[in-house]
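What follows is a pair of complexes built around subunit A, which joins subunit B in one and subunit C in the other.
On to the complex of A and B.
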């Protein structure tokens, strides 16, 4: 029980709860109106849009924990929507096959990043920056500035076993967060990811397959960004090259706010998803405040810095004890 | 816990900041205020700020109306959809939106209508949606005016390059109108169409590289205002050789016209986008629908001959008059 209260994820949950409570109070409606923030529909909305970042943030967290960084998730998301849309609309493939093609392309994108970093020896920042341009450019070449309209061929107001398609993203995000939280904390591979990020040389001398661990981290990052892209293509119904432009920074920020240290060796998959939800709540609530629109980025920036600074102070205090 | 407190402080700062721009906390108005959402395509496009000025002025004139201006910080259709869905979840009393991608937002606009929230579009329409009205220019007709003005300046002979941003329905219609008008002049040849992706910096870059590539270009036609949003983008263009026709008349565009860098500007009813949208929504809420769903705002054709009179009118409008 004591371990739970000291877990990194607990403090992230506390921030999320505080944030929700704050906006519940701040957006309290005038007489005669329903609450506009605390509704089932609004919480679904927060989950639905947070899942685009949250699914990819799981991969970003794994890469960051392993001591790397991946700047390509936004471009991989866009490319995946395009590949899925191309296969589904242009080639007439079934949806599952089109989605599989999109996910395969995402895994391949991660493999290319891993090869450049592990085999060629490029710094992760440079390699993934280059790869980001390549995948975004490829998406534009495929679409020629047009888009693939999946929505025209998907059922309107689609429900799967009685559940609205809007829930697809949140369900996938929570499911994947659970799986990867267990894999990173309970399995040897996960311990290897932390060890490589904490001290690569020590991990090497301990017999940990450093290159394989790093490769797996980048492949998973590409794959999970692709899953996010597939969800986006299905739920939003479009495959378009300019989707998710600049989202890589929001995805990395989600992982960092969730406890991932850019120095490597520390972080949490569940924390990354909670980080995405913290930003999701902010994006949703700020829409409801007149005049807040120009403060969006400032507030997000302040939140990132405040949370990370407090985390550092907490860590130093724990180290002294 | 410390981080939770810090987050509350951060959000508190932002709340205070928002209060500075007009939010009142804890005050309950005597009668129910109507809340209208005004959604621009992007916050980084200067002309949309004037729509907000017009909307706030009209809200003050009507009384009992609050306008929430919120949009994506740059042209991001997914974020615009998220904002639109947030406003639907909040059950605002009306939504006025300039649509980034009509196909992408049609089903969401229809969902707002189904939820009993009146939607009007301004500047950029979603013609296939169930929106109640559209206020803006007839884009095709405006494009024709641009084409005719270019042909007049070139005496029916020469080369023309276009600047546009692919994907937006209104820009495509302007482009079609201009090309159709120019097709009547066999001596005029269209050499290129550049997609600047709603980015003023890219626009300046295309003008510079396009001028190098086509040194004897007769005229540029920009179907959006990106080149005239900055005084520097037109530096590479020699007005003795190349004429410039652009959409939009907001500062510093008239100065460029007075300096001879631009020959013709087409001005939209920027303030009217906001004020007419608020007026329309207020009437719809009170049971009065417009007789015609398409309300053509018309355009102001500004040349060296009438620029001073136009600037005088602009100052009055900008001051909220």
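On to the complex of A and C.
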């Protein structure tokens, strides 16, 4: 059984490696010129931008495994950049306090979704669709068509304990992915998340605190989206209401490409982060291919479908064995 | 002394009074059955015991102490193990994870101790002689084994009382024997059993005391030694079981309404030939996996045959879809009414009128006609429903099954195919469904019934066709056939 799990994540890694090899070949430069794709700077760039989706995708994977769905992370990311920017620029709070305020607002946003779903009994799709509008709207109301310019007050070429701030996103993403991968696979809470997503009635009959687990999933989703938002605010240097528009679909797609099933009960945090990297590489490389920019969304859409269909076929073959 | 005692338990769901003062006691060490028709209140009682539903009034006492159930964990903690029906498994988790779901063994720092759970699971499965690996995911485990995994789950923690809810529904006879051997061992070890079922032969085989529930109230508790299955049926139904009506035999010489000739669809069945004449009830008996369901599905156009022919009313036919089959006068009542038989998002009127509309290819629906049709079916089949606007999930299992039969009878079929028409329904509904089938046969309908319930086949069929491993192995006249004769055809070893 363990082998199957490994196989699923292994296949995501294999897709990522194949993708990198393909673009390395496709973008091979003419003799005497530098490779535009295979450079340390470019890989850092890929990691940096993937981490914005990737951190939120951890939360999305948890929600999807528990049998739900969260459409609000894009809006929560935007709201977090605005709250962090407001505290930092307008109120003059230190950065750590501004970031904490942003993350607290994200967790609160998740709690509102959880309340609507668990207590009021709304379907997750509807509840988070509504909540998405509320937070995006709140961000617009707070900013009033302006934006908070954090970059002016952040040190240029900023290093924290000798590491460039560019590495903030990737380090946070990998660190959180490790923590939540272990929590979901090796701890009772994680087993509960899988159980609730696999069969909610059975979970209830087994004495699993179903409501608490669902609540924790949405709160984490909000919280991790907020972490994405803080990273975005610092990296981009802005707190702005129209940031991260449409990200929710990329975030969900990352989790799904990484093996999460929208039927619930299946998926992994590590897979979701790998899924985010698959999209990150794709976006980065397409920009470098002349004329491919217009095909970006189309190719991303096709890739989602192809990977998930392949996964289905794989599952079906396993079931027959 | 009473180990587990229900005292004046009341529970209502809205206007429905599910339990109205149930009191009975289970003595330590005995095997106690709780029987009743679907809707008698058995499942509500179990949910109260499991702490999922709170009673409105009354209490449950364990060892004389009242239980204050807030969560299922509490029931488990106090030594009550519950074995629910197999659909309460986690398909996405391993067998070991299923057994320990909600009560995982944790090591230092709250980390799951997978090795310990796997070892304990292996020991439990070995005790039950179950050839399953602890690491297999539950979705790859057969229904029967899944049921036994639920028993293992209850036993994973010391339990003094083991409650089993319809544990044999999806088991074959051999697997039932295996389960009962395990239960026998547990009783010898001092575990008290509460067995909820409506399968009387099993109840009489396993239990010493039988409590009968009817309409949410306790009819009484009877000692097995002092009662009979017939008396229990009367207690459950609250009336005498209807007598079997004599029926004129179908005209033997009539041309077949349905002629199946050398039909094959490997690996499920091959070379099957069966005739069903107008007014005749043919029972198709066989063990699970003998290819009967697949045969009916193929006849009804849900799958394509590789070889062979069909004729309906003497006209050769080959259906590419269920719609074509319905238009030719066939009707098919599938086995799984929850999944294949009813639309739970549509009310009774829509459910009942749908096949007829499909058969006619109606574009616009005539509400008035639909309503009339639905009401007529409800009256004709005496479906217990308050109105045709009700949703099917408000009905008991037996009435849901009548609904599935009714929606197909509304198409005025000449050939009625039924797959396990009384599976999971209570005794009263079973008699009624048999009478519906007999009544339609008497009006000239040709009926082909797949059933794994041997007494049922013997009771209802004019002719019994036995299938084994995808082939017809023999045919017996219904009158005078014995269980032994049918079984020996169905279970003959392949050697």
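What we mean here is this: the second predicted complex is superposed on the first by the 316 of 321 C-alpha atoms of A that agree within 3 Å, B and C clash if a C-alpha of one lies under 4 Å from a C-alpha of the other, contacts with A are read in each partner's own complex, and residues count from 1 in each chain.
The working rule: a residue touches a chain if its C-beta (ideal position, glycine included) is under 8 Å from a C-beta of that chain, and two chains touch if they have at least 3 such contacts.
Fair warning: this is a prediction, and the values are worked out from it, not measured in the lab.
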(request) Identify whether subunit B and subunit C fit side by side or clash on subunit A in the overlaid structures. (result) fit
(request) Classify the contacts of A:311 with the two partner chains as first (subunit B alone), second (subunit C alone), both, or neither. (result) first
(message) Let me test your reading of the model: by the given contact rule, A:195 touches which partner, first (subunit B), second (subunit C), both or neither?
(response) second
(request) Could you figure out whether subunit B or subunit C reaches more residues of subunit A? (result) B
(message) So in the superposed three-chain picture, is A:299 touching just subunit B, just subunit C, both, or none of them (first/second/both/neither)?
(response) first
(request) Report for A:207: first if it touches subunit B alone, second if subunit C alone, otherwise both or neither. (result) second
(request) Return first, second, both or neither, reflecting whether A:125 touches subunit B, subunit C, both chains, or no partner chain. (result) neither
(message) According to the stated criteria, A:26 is in contact with first (subunit B), second (subunit C), both, or neither; which is it?
(response) first
(message) So if I take every C-alpha atom in subunit B and every one in subunit C after superposing, what is the smallest distance between them in Å?
(response) 22
(message) Output the subunit A positions appearing in both contact lists, the one against subunit B and the one against subunit C.
(response) none
(message) List the residues on subunit A that touch subunit B in their complex, please.
(response) 11, 14-15, 17-19, 22-23, 26, 30-34, 36-37, 39, 41-42, 45, 49, 52, 145, 147, 149, 151, 156, 232, 236-238, 240, 242-246, 283-284, 286-299, 302-303, 306-307, 309-311, 313-314
(request) Spell out the residues on subunit A that touch subunit C in their complex, using ranges where they run on. (result) 1-2, 4, 186-188, 191-192, 194-195, 197-199, 201-209, 264-266, 319
(request) Would you mind writing out the residues of subunit B in touch with subunit A in their complex? (result) 1-4, 6-15, 17-18, 20-23, 25, 28-29, 32-33, 43, 66-71, 73-74, 76-78, 81-83, 85-87, 89-91, 103-104, 107, 166-167, 195, 197
(request) In the complex, go through subunit C and note every residue touching subunit A. (result) 50, 52, 71-73, 76, 82, 84, 87-94, 97, 101-104, 106, 110-112, 114, 135-137, 139-140
